[in-house]
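By letter and in written order, the chains are A, B, C and D; residue numbering begins at 1 in each of them.
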Amino acid sequence: MADGNDALIALLRNMILIREFDELALNLREGGKIYGTVHPYVGQEAVAVGVCANLTDADRVTSTHRGHGHCIAKGADIKRMMAELFGRVDGYCKGKGGSMHIADFAVGMLGANGIVGGGLPLATGAALAAQLDGKGNVAVCFFGDGAVSEGEFHEAMNISSVWKLPIVFVCENNQYAANNAVAVQHRNVDLALHAGSYGMPGLTVDGNDVLGVREVSRTAIERARRGEGPTLLECKTYRWYFHAMRAVRPPETRPAEEIAAWKARDPIARMSTELISRRVLSESDLGGLQRQVRADLEAAVAFAEASPFPDAGDILVDMFATA
Amino acid sequence: MREITFAQALDEAVAEEMRRDERVITLGTDFTGNPHKEFGPARVRFTPISESVLTGMGLGAAGCGYRPIVNWRMVTFSFVAMDQVVNQASKIRYMFGGQADFPVTYRCSTGGGMNLAAQHSQSPYSMWMHVAGLKIILPATPADAKGLLKSAIRDNNPVVSFECSRLNAVAGPVPDGDHLVPLGVADVKRSGSDVTVVGLAYYVQEALAVAAELAQEGISVEVVDPRTLVPLDVETIRASVRKTGRLVIVDEAPPTCSAAAEIAAAVVEDSTTFRALKSAVQRVCAAPVPVPYSPTLEKAALPDRAAIIAAIRCTLK
Amino acid sequence: MADGNDALIALLRNMILIREFDELALNLREGGKIYGTVHPYVGQEAVAVGVCANLTDADRVTSTHRGHGHCIAKGADIKRMMAELFGRVDGYCKGKGGSMHIADFAVGMLGANGIVGGGLPLATGAALAAQLDGKGNVAVCFFGDGAVSEGEFHEAMNISSVWKLPIVFVCENNQYAANNAVAVQHRNVDLALHAGSYGMPGLTVDGNDVLGVREVSRTAIERARRGEGPTLLECKTYRWYFHAMRAVRPPETRPAEEIAAWKARDPIARMSTELISRRVLSESDLGGLQRQVRADLEAAVAFAEASPFPDAGDILVDMFATA
Amino acid sequence: MREITFAQALDEAVAEEMRRDERVITLGTDFTGNPHKEFGPARVRFTPISESVLTGMGLGAAGCGYRPIVNWRMVTFSFVAMDQVVNQASKIRYMFGGQADFPVTYRCSTGGGMNLAAQHSQSPYSMWMHVAGLKIILPATPADAKGLLKSAIRDNNPVVSFECSRLNAVAGPVPDGDHLVPLGVADVKRSGSDVTVVGLAYYVQEALAVAAELAQEGISVEVVDPRTLVPLDVETIRASVRKTGRLVIVDEAPPTCSAAAEIAAAVVEDSTTFRALKSAVQRVCAAPVPVPYSPTLEKAALPDRAAIIAAIRCTLK
């Protein structure tokens, strides 16, 4: 495809932003500045960024417990994300949601979700809405290899296929569900295989190659836009860190060689090298990009810290919409 | 006024709201009243047996501008979809800071009395009441069924409509035109001075029958129908108890942590009402068992008029 | 395979017994002698009989709302079944269960089930028990084409395959789930296809051919007995009547030609012809068989009618086991 | 006596019962206390994330002679398995006429207070209580945790063990040896004469702290810990209320149709106890909202000592 350089740089920039956002979130959690559980997306950046590059605000996505990357890739504002992590009134959920429940309906981000598989039915509903709207918009559902074991995966796949809904099921196979390797959960570790029984295409892509992800997911998204129905897209990737942390970083339990091998396939390093070799970017441009990302994140933290905590008296606000 | 059955009233509510607003769509494995003939397959969707995804789809489509009605049919079948109810539908608006509305209506039938045995004779509304974030209707007459369901469909929140199976064939007057009953307003179905009987669904009718019977011996029974379980019109119930000083609650769910338990607790935690209460509160509920099939046992499991009368007499002792 | 004539005749006799039992049940329901809902198995007899011919009492099955056939094929006593339909104390469930909840744990019949898909997890648990027992016993799970849309189907298939459980998933594809044709529910109407994504064999058989069902299911059952894991077996069949009835028989909604075509493939007529042509049975033997079945059913009804209704005072009995 | 944490006590209960009876097996996506090291992969099964099938498998294997412990981890995750709980586990024995026993234990953690937000801060025990046919434990101390969980595993019925997360790190004395606490027996954790406070789980500790504080001003608080929610030891609670004449119930679930509602109802439906009651019953429960993330809001959502004290003073007015 013919790309402007800007589009390519934006892919790289978004991946760097996601990584730095999550590295920072881990530090902030360790420092007691933010609360609850943080699930880092580090290592998987190419998936969210590659897929969302094909979407507009009128397309909708659902995300998981590991949702920061999907939010950023879908165009959410890191200031309001950060304020949410800080539990402040200027957060996306006014401090009510925290890391696991960030949503920005205005950009079509229908929410992270603390329930494994829980976002799949919601995304299917968004796809139904898109089908009824008839404007060629689509829904994309992100979920992990672990979610493939849940019944909701199957139900969503089945009905989407029967009704030819405009949806793409993006399975981020990062090789583990918490501490269980994918082979503990599935006999076939190639999860795209599930597509066949629903009569939909199943595609597999290197989830650490942002250009590959963008291209393969475009095929699926365009198919959906044309009204030809859903696709299951498996992105093979890896999370660099632990499943989740609260006050302290938990010890690593996976084989060191495995981690090293996947780190050698860093999606960001790969895209940087690619863009530098294509002369889209110079080393110093890259440095500038990184500095800009850090500055933006500092601004986000400052924004969050300046925002007040919610007032205890507002505890009942937002419960019910007025009829 | 026109007399129609409870079941017809519900069908009319759906059809009128679908006519009124084309964003209203409906999903289910089957439909009464043939809405697909009038509204077509895009808006009336026959579905695979996949309650969990349907429940979440209704919610998701609601968040994207539609007003879905998801019909689980029996409440029993909603339990496979409970994650989407408890973890998603009830929490989604508040948890996301009110940034979107979710106008979805979930419908299902409830209740025993038809020898359908344990799995198909359930009345577990209190489980939904406990989960903060869902509105809940439970009508007892055709007019309330129509008026409440229409209000539910127009409400901008997830609303669960529990529809008592034993009432389906019951006929009653229903006002013409755009008949709406607001959510959250109880109805004093009969006024009285000696004892308040709060009945739910089928047992509103039974309470009224008992009230008529006891009137002949000079016992004046007030029958209150909450109609909406969330928000529960506690004030109307408390006011009735302050007047009569006695309270009996009748429902076909088992008593433990039931709507009946909630009504009892709501009454005795208010000082003025507590002081007005002259005798122990009586719950007339199902035996704490899965509803059995055999007629003799099912009859023993569910409340009946004799049990209501006995409870009323007990409060008058 | 080398069969004694007795075994072949037993297959035919069991199919006739199931058919006559359900025809009788419909009449009894119409006559107000029994209560609740009846789901007739008429037309599908070859599935239950063919599969269960390979099982012993130590093998366990779970069934569905349409469960009379599975009960009879698994060896339940029609007297106690009938007493259950009549709601009497000598019924299998002492009148507490009725048609949708007949079970006979003594013969390995773990129960009919009013929840579509609800029996699949239970059967998977029975398979786990069989695996832990290590005696070569198996579990068999009967379910309809409709149940394939439920999440529990997928979860049970997945875990059974990962753990190589000794279980056979028997999908009775009778072309409809209530009023919805299989194509309304699934894009692929060949449901055995689902096996592939779980890495288990998927077999399809003519569900109106009792010998074929017996043979194909034997393959799957023996595989399970050898510890080689689960199989999905799809039996293509058809129900002759309505989905279910309460007080009255509901009107037919399916195409008349479709019904006629399937009735022409009556599993009982087919097996009768086969056995007569093989000279295992004469026409008059067949008549004798049918008379015997009717006599047995009359005796069952007499047994049921002689049994008392449960005492209302026993309402709390059987709630909890003593610790 | 040895002091161990609540979490250790639970791990010990499982390990001891697995040693005692080889039919005890356990299923979950992860385990504390490393039982797989001692008992091996046949009896300790790491599972895919499939709570629905796990729940039914536990039940099915129980019906075939095993004694499974299914660990849902957070109660939140059990909602995807609710069909197997409500439609199968709670009904299977009665519905089948008692022909088999189903000794399965379901474990999960509950509660808020750790900024985990709406989906991961739930205490919905009353939903299980309402469903007739499940036994339910809810311990508040390490000793009760160990003794009740061991009894649950030995019980021949489905038992749900709700384990309050905020108690995990709390240490306390636990008797040596085969320490068992029977199901269905409440414990008066502190005796008093002015007011009965029934606390659940974490709020037993809080009620005790409040009792100690108020003792200094001469207010004598009796703290009752039901420990088992089904069967609920109503008699111990009623006896306490007959003595003190006042009742406060403290729990972190929202009030509607909660265990607190049930306790209030059970107290006021008994004539003698009702007559002994001197003031309105007070429920100190969570705000009726999904638990919010932000510390200021979470604190506002959940009960605290100040709220307990205010409720006690209210009953004494």
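Annotations for the structure displayed:
Assume a residue touches a chain if its C-beta (ideal position, glycine included) is under 8 Å from a C-beta of that chain, and two chains touch if they have at least 3 such contacts.
What you see is a predicted model, and the numbers here were worked out from it, not measured in a lab.
Identification of common neighbours of chain B and chain D yields A, C. Placing every chain at the mean of its C-alpha atoms, the farthest one from chain C is found to be A.
Separation between the centroids of chain B and chain C, computed from CA atoms only, is 36 Å. Centre-to-centre spacing of chain C and chain D amounts to 40 Å, using the average Cα coordinate of each chain. The set of chain B residues touching two or more other chains comprises 48, 50, 52-53, 76, 80, 83, 87, 94-95, 117-119, 132-133, 288-290, 292. Multi-chain contact residues of chain C (touching two or more other chains): 93, 95-97, 101, 113-115, 149-152, 155, 158-159, 162, 184-186, 319.
The touch graph of the protein chains shown is complete. Within the complex formed with chain C, the residues of chain A that make contact are 148-155, 158-159, 161-162, 184-188, 193-194, 196-200.
Per the touch definition, chain D reaches chain C in the complex via residues 25, 42-43, 45, 47-48, 50, 52-66, 68, 80, 83-84, 87-88, 92-103, 132-133, 135, 151, 154-157, 183. Those residues of chain D whose C-beta lies close enough to touch chain A in the complex are 29-30, 46, 48-52, 76-77, 80, 114-120, 287-290, 292-297, 299-301.
Residues of chain A that touch chain B in their complex: 60, 62, 91-97, 101, 103-106, 110-111, 113-115, 118, 120-126, 128-130, 132-133, 151-152, 155-156, 158-159, 162-163, 317-323.
Chain contact summary for the complex, chain C toward chain B: residues 35-37, 87-88, 93, 95-98, 100-101, 113-117, 146-147, 149-152, 177-180, 184-186, 246, 309-316, 319.
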